[in-house]
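In what follows, structures are represented as structure tokens.
Same chain, two partners: subunit A is paired with subunit B first, then with subunit C.
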Partner chain A sequence: MGRTRSSTSRHRISYVFVSGYVLLALAFGVLPTLYAVRMSFTTSEGTFSGVENFSRVIDDFRFWPAVQHVAAFVAIWLVALLVLVTVLALLVHQIGVRWLSSGVRFVYYIPGALAGASAVVLWLFVLDPTVSPVSGVLHAFGFDSFVQTISPGNLPVIFAVMAFWTGAGGWIVVMYGALNSIPHEVLEAARIDGAGVVRTALHIQLPMLRKWISYMAIISLAAGTQLFVEPRVLSQASHGVVPNDYSLNQLAYLFAFKQQDLNGSAAIAVMLLVVSLSLSVFFVVRGGLFERD
Partner chain B sequence: MTPGAWLGRVAMIVVAVFFVQFFVIPIVWLLLASTKSPHDLITTGPFTAGSFSDLAANWNALVTFQDGIVFRWLGNSTYYSLAALVITLVTTVPAGYALALSSFRGRHLLLTTTLVVMLIPNTALVLPIFLELSTVGLIGKPLAAILPFSFFPFGVYLTYIYFSTSVPRDLLDAARIDGCGELAVFLRVAMPLATPVIALVGFFSFVANWNNFFLPFLTVPGKGSPIQVGLTDLLSNVPSFNPTAAGVTAIELPTLAVATLLSVLPVLLIFLFSQRFLVAGLTAGGTKE
Partner chain C sequence: MTRQPSRAVLRQPRHLLVAAAVAASLLTVSACSGSSDEGGSDGSTDAYGFDAVEQDPSAPITVWVDASRQPAVDAFEEANPDVKLNVETYDGGADGSGSFQTKIEAFNQAGSGWPDVVFSTQNNDAAWASQGTEPFAAPVDKGLFDSSFLDGFTEGALAPLTVDGTVYGLRNDLAPTVAWYDKSLMDQFGYTPPTTWEEYEALGTTVATEHPGYIVGAIGDSWTPEVYFWGGQAPMNTVTGADEFSADASDPKTVAMAEVLDGLNDAGVLAQESVFSPEFLQKHAGKVLMLPGPVWYSGALFQNADSLNAAPGTMTAGVPLSWDGEDPAAGNVGGGTWFVSQHSANLEAAKEFLTFVTSDDRYQVDLAPGLPAYSAAADKWLAKQAEANFFTSDFVDNVGTAATMVWDGWGYPRFSQESVWAKAVTPELAGGESLVDLLPTWETALKNEAQANGYKVS
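And then the complex of A and B:
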């Protein structure tokens, strides 16, 4: 009897404990989503307009180019992440000397401190052959001025390199952690059986990393579609050589702030949100990596 | 060792060293560039150091720009990040605790929602949040940055994992038998045990808030800008990247380098001093041991 009463009170006070978080989740997760969905299906006067906002945005001459730009960037970035992060994590894991291994991981991770506009401004310098620390590399590729470096054909690669520079280290650390969870005896047994570094990696380590690699791919795919600050800052610095409608989020920004078309902007935001949300739900429901209970 | 194994080893070292350079060169360059005069930046080698007097000159140029607006930006960043950090801790720690150690109606739904939102890039909700805040007239007010920053599902996830794995239920039950009320159990037993995860959540929240660009760019424009947004303001006054810029005071490249350094300094310092921490947090994301 006493036990029942105490556990009931414990459950009741749980509502108090979660209340602040639930309020924030409603105000800045659920409500804005619902509000954006509503706006995307109504006119600026608030009357229902079906898919009119979506078709207007999709028919806009800037929409498909933006989709292509983002797709090209995401494709290059994902391949770079999947291949290089895996290879570098395996490499760092191979380093037998403890301090060296942790030092290298830390160096890879440090650029993670520079995110947002700071990293992009730093990369402006790197991409400008007159001041760049790697001006030799830029000249070797035939880029003799900032404007040449950031010519449209190069942009997906440039954005991918920037994103890789800031984000890869975090993933390398994650993969390294996952590699460490493989029992030492398993690797030892493989070596005794004559498996070299490459075969061990392919047949033992990679399968163990599979979940983490797909996690990285899904998170990065979702984040990549959100491309905004990189083209925004580059556009500003180059005075329009990089267009201000390069990515979808930039286009959404222009709809809201230059054309005062909040409903069109909401339509783009909702489309992007659907992409992220489906990726996330897919991953959570399929489960495996994140335990819920 | 066979020749093939030697070659393999050499290749591995080459790749590892190449990427060490790739990650570290831009940062080293930034440190050096801020110590050079605009002229030296272009004429001297990229890895030569300048002088303290040039660093001082660049610093002066930065702090006199628009009557020291850079301090205002830094102040805004500090205010938004810390205020949001406090609200985040006050809301996430009890929520993670309740989710981990008791069962109540809606628990499963809340947990699943937290996971789903946690995996969505935070930029995805920026425009919807902007539209919502502009309807209620909050745009430009500090709360328009602080409140959205405070919603931090990853923090709830971290505390949930921590409480469900590292805090023994028996200990809490013992406190209950000793006559502690539920609030006292949380405040006096669970909270002190949770110090590591509180620090971890605080770290991730602060870094995310400090580095956030898109949200404050929309919700607190102009004088309310944090340093990340201010930096791009500064950029539009740099003639070298943007020859048509017609700002009253032109910003030279080394001054921009100092500003960039300043904008990342707090986070960079935290990174340097809490390396072990970070690694723990990153790997705690997925495994439940």
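And then the complex of A and C:
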């Protein structure tokens, strides 16, 4: 890469590159957020209402079940994602044969290429014991019908598996890239010092991946708390057995478009924002994301 | 080739990534923008009983139908090639999915985009579509349709669409429940078709021992309560006035019906699956001795090569069951409804369309799978069934009778009774719980839902 240009012109060009993102983030991220915050503290007529919207939403009989559902899902999914993606990326990175390594990465990535709703539709078949290609597995768990498979207790795990299946491949590729960024000399030095594969992974690669893992956790957390497509599609496909108010986002949707209570909906959105922002801050600090090397 | 990318390159995007991470979490459901200014009411007219927008007789009309109503659209287009339609298929609000309402609310927020005509499988939509500062549904009896046309509907057919004395849509078909049974199997097994719920339970118990594998009913669908509890006159969906709701799970009839179903379920003679699922066909095709359910099972299940595909002359509909010593009553499962939008710019075309799909022989008699709500079409439809003789015995008489027997103790609230049953009761039932034990759960879930939808609950 040529480094002859002056740093000022490089800076100038970087502003141009960033500006597109900043404008879109303002228009579709920051401004709607400010609008939602304003709505959550006002009545539908626009007068200040304090925490009235929040207390009404929290008192709603669907609120706490939805919180529990989302929390259970996020907990299962996040742990599975962090552990399995890291382990799989390390394993793939160990594969010496080039075509095999890139082939495996490609296979991991394929499910992620399916857009959200269509991926869920595919899962509808997997979860129905009468048509599932893995019906043997479902029967082994004692699930003889679709309704039994999607019983409320199973849903957090089912949604976590779905989300993992669609999302993990992309992260494995990202982690693989991160592993490539670890200097060759460091790994070689470790090898010369007698570190095996496991010790290298635990003491060299994992610590150097820390920021990437935090980054994955933040992005996934933000996506996970917004659980919507999976329960929504499953709800329609199961003729309503999976409730249409399963997740917080679905509840916000119902408040806005079923009960015409946009301010209540905004209150849910703001609460979600506060929770995922504070958890993100936790990961940023613990993961050292803002530290310079 | 080097495996080591430039660290300078890596570091810079990382800040972007953090910014992206924060922005992504910021994006958590931010509500839609746009306030709904009153739609332009220029050129308004009182001819329809509401502020119509400026009319354009050549404007195409947008029509939403479910997949089953596609033939109605096709028939209309063939008969009226000059009327331009934009047809969109959606789920018809089936199982109380609420998609009709949520889409309309989104358009209300945007202030534009409404369809001109909507078909819904649910019969409680008028409860919300007639309300609000800018109601969606146009009144049909204030000038849009002649009263002579509206009088042509079977008595009571428009009741679910009537709010405060005004009618907000037209009924597509009637959907009283009847006691479907397989006459040839009944004869073969030497059974008499039951006429009361007590006999029904006794028959189920006998079948379980004498002919295991045969079923006498199904409880896997979201309309199970409408078949059994509405038909059994259990007061679980009482709407009084505009804003009062009650449900009584301790009423003797509610409990009695739950006990009947528990008994039959324990005996293994009730299908747990939805009648529209592949599982149901796989397990029970050819083994349906009885199946209390709506009249539209005729075309949807029995006379349908993709479903149960009964042999001609085997199935028939018995009159709805009664409690011992009482008058029989029918439940009701949907019966589609057609709505015209108050925002439509071509009300005449919308009217022409609704007139055709509800009353014209070319759809309601020739193609419709269920009992037409329009009286003249219903007579011809029944005559056609009698002639075809696919359904045997007193099918035509019994269906006609059932249509007049729908119990008026159940109301049409703003929320879906079906979706409450589906989420609160179905999974527990499939998990082996007894219905009697689930009654309080069901009552609580109904009352919660009613309260959330602004009803005073008692």
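The working rule: the second predicted complex is superposed on the first by the 246 of 293 C-alpha atoms of A that agree within 3 Å, B and C clash if a C-alpha of one lies under 4 Å from a C-alpha of the other, contacts with A are read in each partner's own complex, and residues count from 1 in each chain.
Just so it is clear, a residue touches a chain if its C-beta (ideal position, glycine included) is under 8 Å from a C-beta of that chain, and two chains touch if they have at least 3 such contacts.
These numbers come from a predicted model, not from an experiment.
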item	value
Subunit B versus subunit C as contact partner of A:Ser235, first or second or both or neither	second
Touched partner set for A:Ala66, first subunit B, second subunit C, both or neither	neither
Partner chain in contact with A:His184 - subunit B first, subunit C second, else both or neither	second
Subunit B versus subunit C as contact partner of A:Asn244, first or second or both or neither	second
Partner chain(s) touched by A:Val74 [first = subunit B, second = subunit C, both, neither]	neither
Residue contacts on subunit A - larger count, subunit B or subunit C	B
Partner chain in contact with A:Ala160 - subunit B first, subunit C second, else both or neither	neither
Touching partner for A:Tyr21 - first (subunit B), second (subunit C), both, neither	both
Touching partner for A:Gln94 - first (subunit B), second (subunit C), both, neither	first
Touching partner for A:Ala266 - first (subunit B), second (subunit C), both, neither	both
Subunit B/subunit C common contact set on subunit A	14, 18, 21, 25, 28-29, 32-33, 35-36, 39, 128, 130-131, 146, 181, 215, 218-219, 222-223, 225-226, 236, 238-239, 249, 252-253, 256, 262, 265-266, 268-269, 272-273, 276-277, 280, 284, 289-290, 292-293
Subunit A - residues contacting subunit C, complex	1, 14, 18, 21, 25, 28-30, 32-33, 35-36, 39, 60-62, 128-131, 145-148, 150-152, 180-181, 183-184, 211, 215, 218-219, 221-223, 225-226, 235-236, 238-244, 249, 252-254, 256-260, 262, 265-266, 268-269, 272-273, 276-277, 280, 284, 289-290, 292-293
Residue ranges of subunit B in contact with subunit A within the complex	5, 8, 12, 15-16, 19-20, 22-30, 33, 41-42, 46-47, 87, 90-92, 94-95, 97-99, 102-104, 107-108, 110-117, 119-121, 123-125, 127-132, 135, 147-148, 150-151, 153, 156-157, 176, 182-183, 186, 207, 211-214, 218, 228-229, 231-232, 235-236, 238, 240-245, 253, 256-257, 260, 263-264, 267-268, 270-271, 275, 278-279, 282-283, 285-288
Residues of subunit C that touch subunit A when the two form their complex	2-7, 9-12, 14, 16-33, 91, 94-98, 101-103, 105-106, 108-109, 132, 220-222, 272-274, 276-279, 282, 416, 418-419, 422-423, 426-427, 430-431, 448, 451-454
Subunit B-facing residues of subunit A, complex	6, 9-18, 20-25, 27-29, 31-33, 35-36, 39, 84, 87-88, 91-92, 94-95, 102, 104-118, 121-126, 128, 130-135, 146, 165, 169-170, 173-174, 177-178, 181, 196-198, 212, 215, 218-219, 222-223, 225-226, 228-229, 232-233, 236-239, 249, 252-253, 256, 262, 265-266, 268-269, 272-273, 276-277, 279-281, 283-284, 289-293
